[in-house]
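A, B, C, D and E are the chain letters, set down in written order, and residue numbers restart from 1 in every chain.
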Amino acid sequence: MELRSMIFKTLLVMIAFYSTVCTSQPAQAADHEKLLSDPGVYATFAAFKLDPEWWKLDKGAREAAAAAVKEVVHKHGAHIAIDIYLLRGLSEHADVLIRLHAADMLHNQSFLVDLMGTTLGAHLMNTSTFNGMTKKANYVPNFPDETQAALKTPADPGAKPYIIVIPIRKDAAWWLLNQETRTRLMKEHTEAALPYLKTVKRKLYHSNGLDDFDFITYFETDTLADFNSLILALQQVKENQHNRRFGSPTLLGTVHSLDEILDVFTR
Amino acid sequence: MELRSMIFKTLLVMIAFYSTVCTSQPAQAADHEKLLSDPGVYATFAAFKLDPEWWKLDKGAREAAAAAVKEVVHKHGAHIAIDIYLLRGLSEHADVLIRLHAADMLHNQSFLVDLMGTTLGAHLMNTSTFNGMTKKANYVPNFPDETQAALKTPADPGAKPYIIVIPIRKDAAWWLLNQETRTRLMKEHTEAALPYLKTVKRKLYHSNGLDDFDFITYFETDTLADFNSLILALQQVKENQHNRRFGSPTLLGTVHSLDEILDVFTR
Amino acid sequence: MELRSMIFKTLLVMIAFYSTVCTSQPAQAADHEKLLSDPGVYATFAAFKLDPEWWKLDKGAREAAAAAVKEVVHKHGAHIAIDIYLLRGLSEHADVLIRLHAADMLHNQSFLVDLMGTTLGAHLMNTSTFNGMTKKANYVPNFPDETQAALKTPADPGAKPYIIVIPIRKDAAWWLLNQETRTRLMKEHTEAALPYLKTVKRKLYHSNGLDDFDFITYFETDTLADFNSLILALQQVKENQHNRRFGSPTLLGTVHSLDEILDVFTR
Amino acid sequence: MELRSMIFKTLLVMIAFYSTVCTSQPAQAADHEKLLSDPGVYATFAAFKLDPEWWKLDKGAREAAAAAVKEVVHKHGAHIAIDIYLLRGLSEHADVLIRLHAADMLHNQSFLVDLMGTTLGAHLMNTSTFNGMTKKANYVPNFPDETQAALKTPADPGAKPYIIVIPIRKDAAWWLLNQETRTRLMKEHTEAALPYLKTVKRKLYHSNGLDDFDFITYFETDTLADFNSLILALQQVKENQHNRRFGSPTLLGTVHSLDEILDVFTR
Amino acid sequence: MELRSMIFKTLLVMIAFYSTVCTSQPAQAADHEKLLSDPGVYATFAAFKLDPEWWKLDKGAREAAAAAVKEVVHKHGAHIAIDIYLLRGLSEHADVLIRLHAADMLHNQSFLVDLMGTTLGAHLMNTSTFNGMTKKANYVPNFPDETQAALKTPADPGAKPYIIVIPIRKDAAWWLLNQETRTRLMKEHTEAALPYLKTVKRKLYHSNGLDDFDFITYFETDTLADFNSLILALQQVKENQHNRRFGSPTLLGTVHSLDEILDVFTR
């Protein structure tokens, strides 16, 4: 255990050093873009509910606690893409959802351990955590050219204030289908989704073995009616018969800056 | 029993009178009427249980807290239709249910975040939240004329003190049926419901992807026996075989004004 | 909303007046008998667990709290049949179960809201609530004469200290069977139960739509071995294949007077 | 490991010695023996977890509370066979399990109500309660003579420090099999269990209608490897296909005297 | 009961003595290696979440509490292999997971009872406990020689910071397959896993009857992408159809020394 322990401490020192040295990073946003688009990136979705005790703290204490959260976010921001969403009011499961992307799952854990170690963190009840990773598209390379072309339709520019996160577990029969059959079914699934590419952005995470489901599906939209129609369309293709779990929980929330979220919790 | 029963009937008559007399309300109510009847409206049903700490506050503090809730309701009332129901005593899930209709889901969230930010709100445990939206009738246009005509039967005038909310998830097979078959099954379902149009008002919300089910069904009645018969009739048609989830929870409560609900929590 | 609120307050005043005037009612027990035997009566079963804080109150405070509960029971006793059972020790779900029968579900809610508004009520955690209603026997009129005659066997006189409450949900296939087939299956079910009519009293409540199941079955016995044999016999007929849910929870308790129950919680 | 192992074996020998020497206990134990072997006895298994508040009491208060528990046990010991097990460390469900056998279920309830009314009891959270009763063997009389003879193999003498409790619910199909078929399947089940009669003691309780399952199975062993092999053998016979629920929870614990258990909670 | 109690106390004294005498044990690591590789070893996985009260203790109190935990670990370390993992941030189920291997399940319980009896232990909520045992490979001896040879591929040297624990329950049909068929299916399963032997270490525990599942599978890796591919490969063989439960919970965490974990909880 000694050697292992030494290595771990060295890692902590290196991360600390890195955090100090790299605070005035120029290309941070670009890095985040990369984390958000590359395959092989590890994502953690952590949902929290504030305990009732939090609301008994006076405003000053809550503001100090919020400042400490900002420091933790700043410390880790260089190598983790951190997104934060407000679920409060739209989900009984959680008040806030944090989405993390990093080159290593250890980074996600390290950030969350630090966050939960703050005064505010001590009042955060961790109601759900989903782990997954990004991969290269699996079926798309075998789709017809026109489907592949259609998939390149860019999303409409502009803010997409709503996000939805839906974990999915396929049944055993799905995984026993051969690759060709699955490609055929996924082509039908994908074509049902094409009409919504402009108004609903999608991102897929693979979770097999990293959590109790196979996929985390993440959506951004400014038109919930379109998102609702998209899901309805996806329910009407054969591949949907192989979804043993779809949601449970379905997390619906809105995109916010850290400051906005902290405002809600300190005002 | 006689006197109590007489009083109760008197109340019903007075409410019916009130409903008739007071139809020409200010513009705000008309907007609400529109939100409650238009397609494309977003609805959130949020159920709350008061935590035990609430009851330890003295009466003055609880009354001040109630006043703050009224202000929040007033602030948002212009663009959200807010209905409030008492579940306490009839459901272990929650004490109170709030139903919101707005042109945008963000409005519902904004109201609930404000509500939960009040002193009373800090004692409200959010036990369930259902999200959905209204749409134009899907199958009705293809029903026979006489079924369509029958569906226009107006509900009996007068108060409908009971409400029931039942979330529904269909099975995968349902969504794979073609539109024609589903229309046929829904015609049978609808015809089973016709005898109850006068005494049970129904409203349907679509939830696919917005929550862990496909529909929120909402009922108002003053005759629970009729409502019970209606559900029994709906269980006896083939479409019912495709309900994977029906209720869980079923929420049964009574209609009240905000003042009445706050009275229960401050007296 | 003002007028509505005024009416509601008027009602409360009238009820309060009524409660005062009608305290020395003679025929109360007879009314209860009627509520317990008539069809069209609404029943609520509410189970509660005392929170740990209750036991920290001193004996004086607990006795005052118990007295307030008696007043609430007295106030509502004229038009609600109130039965109370001790589950503590025999069920992890609850300490106490209250069964209410009234001509209107509003009465049951009104009583429970008042009860939960007392000092003791603030310590009662509502762990389960079942709602149902009584109806005329559905299948019996079509049973053979000798089965109908056998069903009239009176229960043995004497106390039946044990009660068991089992909620039941049938599967979709059950409700699609025609009335004749269901009558045949229920005849087999009923004949399996005949040997236990003397030692196990049964009462059936219909819950379709009023809660997450179709029936509440209620049993009283002084011989749990006979009750166990009855259930075993009912498991051995074909109708049992259509029970999707049977229990969950099964509530086993004992019959007590209000005074005895309050004794347990104040001693 | 050697020394510890030696000590452990010494302990087992000493316990075995004790079991042999102390067989001629006072009349009370004889009654207990009868309760533990007769048919028609009612059993309650009640599992409890200590709440975190308990550990904040000072040692003196905890010892006084432990003494009160001993008094309750003494008071009821004449007509209830009381066994107590330590689950803490081996199950997240509970810290302690109490098994009660009495001629009447009321006795079990009465003891548990008294226990929960002590200072220690107020800190016991009742996480699971199972109710059942003993009966004469149902299928054994129709087994071949040699199987019946084999079943009389006495368990090895000596302490059996481990206990396992597994509730079982059969599917509807099981109860519709005719008695002959069930006897054949149970014969296969029983023969699979024969090799373990010496090292694993079994006891069966019937629960139909008394709780949410059909059987409580109780095991004592000093060789968990043998118990594991027994369950594996029972999974490999056809009757196992009819187990709709097996465990959930499975309770694994160790046998202790009341003094030992109270020691753990007061030291 | 007195004698039994005396024996138990004697045992405790002997163990205490033994702990004192044997502190400077040379071969401890070797013993641990043996516990981690031998068949017939009993394993307990206990997961804990720190309650919110812990974080209100001042740093001094938390450090003293941490020191007491180290003593308990030291006391039992001679005959139990103790591994500790940080789940916090990667699982909502628990903050910390402790894996114990001992020659007897009693040792695991004794350690955990001692741990939960410390000041820190009083703040640990036991969210999950899994019990199992190691056995000789069941199917491997019947695999072809080349598969057996491939299985001997050593894991890459170097730290494997990630661990995953997945409990598995097979369906009834699995256990009714004959040994030959199961061997064939397990051969296919095993061959799917071969490409990952270098980067993912696996260990299997048998739980039938010791807990609510049949197996505990434990994995160590430094490449979560490989682990994810391994699970995906295992989902694509026929044996996977017989997994009735796979995970629920899936526990993902990181390897740490006790000091590192206690650091997280005291800083």
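The rule is short, and it goes like this: contacts are C-beta pairs under 8 Å (C-beta built on N, C-alpha and C of every residue); 3 or more make two chains touch, one makes a residue touch a chain.
All of these numbers come straight from a predicted model, not from anything done at the bench.
Common neighbours of chain A and chain B: there are none.
Listed by label, the chains that touch chain A and also chain D are E. At the interface between chain A and chain E, two copies of one sequence, fewer than half of the residue numbers in use are shared by both copies.
The mean-CA centres of chain B and chain C are about 26 angstrom from one another, to the nearest whole unit. With centres set at the average Cα position, the gap from chain B to chain D is 49 Å.
Mean C-alpha position of chain C lies 33 Å from that of chain D.
With the ring opened at chain C and read toward chain D, the chains come in the order C, D, E, A, B. Note for the complex: chain B touches chain A at residues 40, 42, 44, 46-47, 51, 53, 105-106, 108-113, 116-117, 122-123, 126-129, 131, 133, 172-173, 175-176, 206-212, 214. Residue ranges on chain E touching chain A, taken from their complex, read 52, 55-56, 86, 88-92, 159, 161-162, 164, 166, 219, 224-225, 227-228, 230-232, 235-236, 238, 240-241, 243, 247-250, 252, 254-257, 259-260, 264, 267.
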